[in-house]
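Both of the next two complexes hold chain A, though its partner changes from chain B to chain C.
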Partner chain A sequence: MIRRLDRFWTVFGREVRGLVRTRVVFVLGAVIAALAFGVARAGGGPSGGYVPTVVDVLVVVELLVPAAAFAIGYRALADATARGEPAVLETYPLSPWTYVAGVYAGRAVALLAVVVVPLLALGAHVATTAGPETTVLASHRGVDSVSLYVRFVALTALLGLVTLAVALALSAVANSRRRAILLGLFGLLLAVAGTDVTVLTALGGGLLDESALGTALALTPSGAYRGLVFEHVLSVAFEGRSGFVPTGIALVASLFWWASGLSLAALWAGFR
Partner chain B sequence: MTDDVALTATDLRRSYGDVTALDGVSIDVATDSVTALIGPNGSGKTTLLEVLLGIERSDAGTVDYGESDARRQVGYLPQRPTFRPDDTVRETIAFYAALVEDDPDRLLERVGLDTVPDRRVSALSGGMTRLLGIAQALAGDPPILALDEPASGLDPAVSDRIFGVVDSLAADGRTVLLTSHALSLVERTADHVVVVEAGGVAARGSPAALCERTGGPLHETFTDLLSEPTAAVGGGGES
Partner chain C sequence: MGTSETTGWQWLAIALVAVAAVVVTAAFTADAGSARPEPVAYDETVGVGLTMEAEQIARAEGASVPRAEVFYSQFRYVVGYPGIDRLVSALDAPARASQFGFPLAVYVSDYGGVSVDCSAGGSLSASATPEWTPAGTAHYVVDSDARSPAGPVIVPFEDRADAESFTEDCGGRVVDWQTVRAREPTTDDPAAGVRAQVEQRASRADEQVAAARERRDRPVSVVVGRDVATLRAAIDRAPPNTTIRVPTATTVGNVTVDKPVTLRGEGTRLDGGGDGTVLRVTADRAGVVGFEIVGVGNATVGEPTNDDSSWDAPVRQGYGQSDAAVAATNVSGLFVANVSVETPASGFVLVGTPGAVVENVTVDGTDDWRDGFMGVVGMDEPIVVQHSTFTDGRDGVYLHRADGTVLRNNTFRRNRFGTHLMYTSDALIADNRARDQSHAGIVVMTDPSGNAIVGNDVRRARSGILTAGSRSYVGHNVVVGTERGLSTNAGRSLYEHNVLVDNAVGVIAATIVPSNRVVENDFVANDRHATSRPGPMRSYTHDGRGNYWSGAYDLDGGGPTLSRTYSATDSVDRRLHRSDAAVVLDEAPSVRALRSLRGTTPGFRSASIVDTAPLTEPANPRLLATATNETTGGGVSP
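== the complex of A and B ==
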């Protein structure tokens, strides 16, 4: 008797094969690597250590990762809908949850490859060029270390996975390639700027108290990412400063966006 | 062909806003036979097929399948089957086969595509794509096959080949339910014909019985039925 997990792997395998074949993944990986290395070297971060490198690339990564997530995810379900695939799959013992999970996992592997591999390569570059004050573990504030860089890469991967889930939800709602492009651009704009602008507008309009700004920013995917990077990576550089965002709220908010995105995608995919 | 019933639909109703697509349709689909739904464009054939499959919901009425322990109850060929263009024929069918633990090579062999397993889907002709769609519909060995316009847009020779495959599937003991405008092929292949008009059933019977109405081929009966002002009668009866 075939199990749900086997069907998941079947869908997953097809996604990975399709992405490898389109070469989009390789182009994205090359673009991210070129920009990350270019910006870091221009800022001189690698010779200064891991934390200076993170400072150099943070803004670029915060824009590039959602862009890569939407590039990989915007057509994931829309193309299948345009092909009439859900109606056919409805006649198979395949739940929309298993289907969406397989599609998501396949795309997530591709996204992580294009994001994590260039950043790890940049980390390796830092390891070979940084000064002797860079260590493996930071024992106290002000000390640079590779463990801080690993945290940065992990948080960046989290941002990518959350944004990809949102991209998949929008792809499920779109039922044609044109709508998928429009919704993808809308989602990308929302992810990289819209949510932060909304929070800041609320602050400016008096709808939000300044003391709640950190919490409010932690509720958005980009705000949560930025806050967590400041809190857990860059804070070594800020003597006496912490509490950029509440870590728990930022993580729960990220989990909420991730689960909501995948749930909406599965519910909208709608077969069976 | 037997007198057993594979599928019973009772009083199916479906509307889209002010447009009535199905108006109280009841049909029985006999096992091990080919039942063809024919009718003009927009008559409700595809809606009826999709409601019978459960792809489309009905506003009212019931659809009952016979008892079966099949891995997949019904196989479905959509009107325009479309697959991932960059996948090969074998990769495409292997995906569907894996979902129901079937053998992709057996499925390709069954429809005659075993000679082109490495061809990209984008390089397939319309007829081959339709055959690939039929292979997909056969995955999991479903007892009922629902084929929506299996020969539409194909040249006569390819249409003939498609209906030849349909014929052989029925000979294997499957229940085939199809919609089609290819009336000469329906007349040759189908055991039962249901004429759908304006969301209802205008007539039903064997091709021979329907042809007796005018004494000519099926398309004459079809034209004659549709020229009657109150052709659609809906309701129950046997298919």
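== the complex of A and C ==
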């Protein structure tokens, strides 16, 4: 057990060092920061508070985070496979599970860094700019609260971790760079649009009614994310409206996507 | 990688994960919005108050007005309401949720802690400013004798026992918050009542004019120059209710009209000799018809008096005592018609003159308005001024506490203000034309209520129509070529069917708390159609109809309203009528993404104006045609 943990750390450390060396993550982080700040500033949310800022950046973040996850994860296993690393690894006492876990953890650290750090910086920006226009009148914060923003960042991190697991699975399935790009794009489009369009089609075709709509949305990674943000962050902006998605189902479904993504990746890596 | 190094990383990673877990858990377990804000002093709230006059009177009488304050979920400021009925109707207002969110906390005055009575004519008085108590658990005395200057009041108490002992002295009964909430709301649409009164006010003015015109029909008893030498002698000789004819020009100096007689000229020139007021009317039912009055003195401010201790004594001294062609104080039924005046001070100063009518007069002031004074000053009583022209004065018509005054079909040229209302409620300002005022066409100040500003046409001024107060109706006006077309400073008011063309800013949403209805107006070719002062989002839509904004578009076509929301304060939308390229930016996915959810947090957003049903076609095509027709510089088309 101890040895397995050591090996996990070895793979993890190698991934982190490799990502730091390529500097791509820094560029990605800068791009995400620029977009998040740009959209929020253009929308004027930061001067209003945390909740308006979330409203401003939600759509952009919902697209950017899966994109970043796939950008970081699409070659994670495909490259190694193409270089024949699994075959080499077989000569070491390293299980595919440990290997995949190490790769995932390393990439996850990079993803969280490029997503969470800009969002926390945006939060700090809100903390310093949001405020009333005049000090003559008494003011208060209304329902706005930093805890709502922390929830938003946590849910966004969850979305990133889930889509990264899916990206890793697709990366394991692909055994060449070219196929990795195609599968990565496919996965990204499925995550940001495909699942919602599927639910929409089912709704239009009568396969789904509104009683099951929340559950159906909760079953998809991006639907679960959006639903949880509405349920736990934006609900304060609605009077007498809650029950956007069932929280438990959304969390279990996210866990399912995460676990099955990593399992598929490990099984595939072991299979080779 | 050595073992010890790995251990260091491991500890760091574990520590980071642990901290993140704690923070996130805390964020999700903290009940956002459970904290109840503490009440603040009423002076620090924003709100739509009493009329300023009512407030002044309340202060002067020591009357106490029960107050309420609300902390809304999406509004950074605390909103104050003078009166529990105001509070209830505000909480029930349809736009409340989309502008402020929901109430987090509501406080009302607790009259239990102060010595309170209603003996002074029913006026509620308290020994000190009451403390606050949460509205939900308070007890309310309704239908008691207690009154404020604005009407009957509901009096809140924290303790039921205090409420019951209040009813022993002042009557009424004690009810709880739910019952107060369920009471029949005071009129939901206060300004519509003012709109409905426009015709009524006009016909009341017609009656006032008809009664005053009877001064024209009196038999001639004395002719100046034939029967007597001077106007003074004529007044002395003429029996009451007769006419004194003045066929030839005369220097009169300062004459006091102390009999109910009519002075009738044939455009005859009366020269005051350049000192003081020419005709001073001290008798009821006097008439002044058909003169050209010159030689008015140039004093604009009266002598300070010590015997007037009222709150507006400085105003009376500063504005009610200037030299004039005709001045009248505390007389009824005065009629002035067909008089032209050249004056370095005022034209007509009417203080306490119920039933007075001024029509078909012209007042020419000084080349620079700073040297002159008012065309007409009206104080204390309703007057009618119509079909008259005021040029080169400070204010064409200046009103102070002249509730119910009617100003219609007048023309104002090159004054500071065309009309200027101070502490004047329930007036009708209709069908006037203002051209080239240096400051503003129509100005209402000092928070009055119930004014109607209808069918006026204001062009070329720094400001077009500046409103103030509450419960006003501003409709069918045309404002062209100003820096600020129309300010919506009057709250709980209705602004409809106005046409705003070619102004630097069409409408300025000026109140901090939005409470107005602004619909069916046409905004055309203004640099900025509308701008907003700080405060929550203003919705310029009602019952599925908004305003016409040149430049607004949708891609659907057809239908009386556009499917696409228009925001006059949006950085892209506000340029749509100035650049077609703005359409391309407007349709960018990122711009659309930014807008997609904004409606969920309107209260936090400051200074925005949104119309969810912009009109496809102008709402007032005929007015719009007149607005864009006149091109001459300074001429007034008949």
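Quick note on the criterion: the second predicted complex is superposed on the first by the 257 of 272 C-alpha atoms of A that agree within 3 Å, B and C clash if a C-alpha of one lies under 4 Å from a C-alpha of the other, contacts with A are read in each partner's own complex, and residues count from 1 in each chain.
By definition in this document, a residue touches a chain if its C-beta (ideal position, glycine included) is under 8 Å from a C-beta of that chain, and two chains touch if they have at least 3 such contacts.
Owing to the predicted nature of the structure, the values given are computational and were not obtained by experimental measurement.
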First, second, both or neither for A:42, with chain B first and chain C second: second
In this superposition, the partner of chain A with more touched residues, chain B or chain C, is C
Return first, second, both or neither, reflecting whether A:93 touches chain B, chain C, both chains, or no partner chain. first
Should A:184 be classified as contacting the first partner (chain B), the second (chain C), both, or neither? neither
Is A:227 touching the first partner chain B, the second partner chain C, both, or neither of them? neither
Output check: A:10 vs chain B and chain C. Expected answer is one of first, second, both, neither. What do you get? both
Is A:21 touching anything from chain B or chain C once the two structures are fitted on A? First, second, both or neither. first
Just which bits of chain A does chain B share with chain C as contact spots? 6, 10
Touching residues of chain C toward chain A in the complex: what are they? 1, 3, 6, 9-10, 20, 23-24, 26-28, 30, 32-33, 37, 40-41, 44-46, 71-78, 97, 101-102, 104, 534, 571, 590, 593-594, 596-598, 600-601, 603-606
Along chain B, where are the residues that touch chain A in the complex? 50, 53-55, 71-76, 78, 80-84, 86-87, 91, 95-96, 98-101, 136, 139-140, 142
Touching residues (chain side chain A, partner chain B) in the complex: 2, 6-7, 10, 14, 17-18, 21-22, 82-85, 87-88, 90-94, 271
What does chain A use to touch chain C in their complex? 6, 9-10, 13, 39, 42-45, 47-49, 51-52, 55-56, 58-60, 132-134, 136-145, 147-148, 150-151, 154, 232, 234, 236-239
